[in-house]
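Below: one structure in structure tokens.
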Amino acid sequence: MTGGVRVWALHLAVLVALALAPLVVPPYHATNLARIMVLAVFAMGYNIAFGYTGLLSLGHALLLAAGMYATGLLVAHGGWTAGPALLAGALAGAGVAFVVGLLALRTTGAAFMIVTLMFAQAGYLTILYFGDLTRGDEGFTLAREARTLFGLDLVTDATRYSAALALFAAGLIGCLLLVRSRTGRVLVAVRENSERTRMLGYDPFRARLLALTLSGLYAGTAGAAYALLFGYVGASFATVQYSVLALLWVLLGGAGTVLGPLVGTLVMFYLVDFAGNLTDATLFVVGAALILLILFARTGLLGTLRARALAWLP
Amino acid sequence: MDLGPFLFLATLEGLVSAAVLALTAVGLGLVFGVMRVVNVAHGEFFMLGAVVAWAVTNLMPGAPALGFVAALALSPLAAALVAIAADRAILRRLDYAPEAVIVATIGLGYILQQGALSLYGPEARAVAAPFSFRIQFPWFGYSGYKLAVIVFAALVLTGVWALLTRTKIGLVMRATQWDRETATAFGIDTDRVYALVFGLGAGLAATAAVLVAPISQAHYLMGGDPLLLSFAVVIIGGLGSLRGTVIAALLIGLTDGIVGVFFAPTLGKILATLLVALVLVFRPQGLFGRKTA
Amino acid sequence: MAALTPLLKARGLKRHFGGVKAVDGVGLDLGPTGVHALIGPNGAGKSTLVGLLSGRITADAGIIEFAGRDITRLPAHARVRLGIAYTFQVTSIYPRLSVEDNVTLAVRHPSGDVTTAARAALARVGLDIHARQIAGDLSYGHQRLLELAMGLALTPRLLILDEPTQGLAAGEIAGFSALVRDVARDASVLLIEHNMDVVMDLADRITVLDFGRVLASGTPDAIRKDRAVQAAYLGA
């Protein structure tokens, strides 16, 4: 098999496995899996910025929330239908990322991390400030009848799973196309050596801004889909914890690998779920996982696999 | 109350927050200045200080003042020991790579939060003030303890300044700050300096938290705001400058106290947060720092 | 050659750092082909001048024209696209990517076969047998050659080489000189070099900088005989 065929075969196999999963796993896990796929889209977005372009952001919760609240508020208060609201959520994520990027990308390293953290904090506080509309930390639910897309009832388990899978598949294929394109290679070049890349005639600022905007598109879409599929919009998704979770999922699965975000989100979800049965020290699990990863497995699960055996893994 | 006394009260309140903030931020700034790393767990060392203070004051028999003095000694020590252990076990292994340290200290912060939640619980609990006399101004009475906090914080800050500028340890720290490799070449054990600085930074945050515990309360999630405010202070003050940090703490503490009287607190926080982010974007050397090359 | 308009024309370039006048009113003409060497003692302003030409440093004053176009305010990456390639003094490659990927990033014509162009650039410097290797694993001399291959893959009209022979072995220098002579047949080469044997061997023209100013400019023979240059170099 040539490299390209092998890569596409692997990723299509993963999608087929996900499509067949509800037939074999109990409904409880199918619902979990739907949630994991939506959150994995968020993580894939984070991976485009952090994994491929080297932008360590601590503000991605803002982009997730931008999509979630744009969609949620338009449906709940604006009377929009699900389709246009989903599109608006996706664009809100990309738009906020673009504006934040214009400012924050003037900084690098630790300063970039703090600036994105601060913008996200301002966003979180803004949600609380407009508590009449957003109901603050408590959040709000979306009416059942508003949650239909193209005539499909998103509330039932089967359609919800299919919708989550369709979204995830689109995200995965988009990501694969991106990283195998020339643009994707330039993003990696910016991560590896920004000054060299500039002296090869590429504008690193533009490359980073593109990566962050695409990243925001993914995050916004994930937020919007979460609101529609699970019917809940809440400020907890805008807290720094969700920015950290995105970082954790990507680190765990393997930063700069296409399937890493899914693997990381899946493993972490069940790790916390499993630990939750033994102890309620979930914060400890998250904290310890971060420290162990950064100390001993900085390339994550798939990154390690790529280094050891599968050099062709994108 | 007339506007004058009202402003006076707001100024006093602002000075108290400025004093506490200055201590916390100097700790963060010291770590950044000497070690060139951002300690995201700094807020959790603050929280640790308050929680340990609650434990010590409740375990100590006798007068509350005695327990409080014990807390003032033991809390910073406990935070410093945890910090030094973290430095040895984690940060040194990461070779102080800035982004790796950020990720690791995020993890450390979660672990400290979990520790407090498991051992201390989710409740917010008050720590008894060591004394409770009020100072009577012509217009209102004011807590003598809060005034003592301002004085004590000023003393500690003077102590830090003297330590940095007047002692051999301070000289060694500054030498390490300028150039780690040269410092090593001159026989300075930079590993020990780093551990000391990291411990000192955590100890300062814990000291601030002990002081603030009788005014607010001890809670396992209390570290978030001090962390963000300290970031703000250290950035605006010019990263790594002690004088700038103290001035910025005064500025932000006073503004916080005065603006908080006139604006909705959430709106004030939003504007302040955006302002700090923009300062970092457009004047990364801080408002008082000087551009280096 | 005098009748032709120069490919690059710089006039009155100035750049001060604090009180230091690193480049203080320098003019320079580069022809469309040939090797132009830039020499001078350490701290004479060579690196700053090259930084101004490539756009890595912005000028305080002065004008730079390239192929008849004012590029003084153009950012570095846009100048690269116009055909000004720069190879770093301190080797700057992508150490974690393969040798071939390093060069592929430099190939910029979207229609042509990118891989063939990258292979051709590698073959020119003799690195084609190492194409699949990770660039960071190459020896220092090979990394310098990779840097040069990236410059060639840009198919520049002006190639700026910042101390390219630094750290190369004597055998490697001979091969390098032949390559530069070859490139200079249909492109302009600006060479910053300490090794006087290389300069005298390769250069068609030489400009001598001292204290941020042009001390002398001319053919190698004229420069060798120039009293001011002798004084500056011998410290008399």
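Labels A, B and C are assigned to the chains in the order they are written; within every chain, residues are numbered from 1.
Going forward, a contact is a pair of C-beta atoms (placed from the backbone, for glycine too) under 8 Å apart; a residue touches a chain by one contact, two chains touch by 3 or more.
Composition by chain, UniProt nomenclature: A, B = Branched-chain amino acid transport system permease protein; C = Branched-chain amino acid transport system ATP-binding protein.
Owing to the predicted nature of the structure, the values given are computational and were not obtained by experimental measurement.
Novice: Where the centre of all protein Cα atoms falls, which chain's Cα centre is nearest to that point?
Specialist: Answer for the innermost chain: A.
Novice: Looking at CA centres, what chain is most distant from chain A?
Specialist: Following the centroid criterion, the farthest chain would be C.
Novice: So, what's the distance in Å between the C-alpha centres of chain B and chain A?
Specialist: One centre to the other, that is 34 Å.
Novice: From the mean C-alpha coordinate of chain A to that of chain C, what's the distance rounded to whole Å?
Specialist: The separation of the two C-alpha centroids amounts to 44 Å.
Novice: Centroid of chain B to centroid of chain C, CA atoms only: how many Å?
Specialist: Going by mean C-alpha positions, chain B sits 51 Å from chain C.
Novice: For a test of understanding, state which residues of chain C touch chain A in their complex under the given definition.
Specialist: 54, 56, 75-78, 80-81, 85-86, 88, 92-97, 101, 104-106, 108, 150, 154
Novice: Where on chain B does chain A make contact in their complex?
Specialist: 37-38, 90, 93-94, 98-100, 102-104, 106-111, 113-115, 117-118, 224, 228, 231, 235, 264, 266-267, 269-270, 273-274, 276-278, 280-282, 284
Novice: Considering the complex alone, what residue numbers of chain A touch chain B?
Specialist: So the residues of chain A touching chain B come out as 56, 103-104, 106-107, 109-111, 113-115, 117-119, 121-122, 125-126, 128-129, 240, 244, 247, 251, 281-284, 286-291, 293-295, 298.
Novice: Would you pull the chain A residues touching chain C in the complex into a rising list?
Specialist: Of all residues in chain A, those touching chain C are 185-186, 188-189, 192-193, 195-204.
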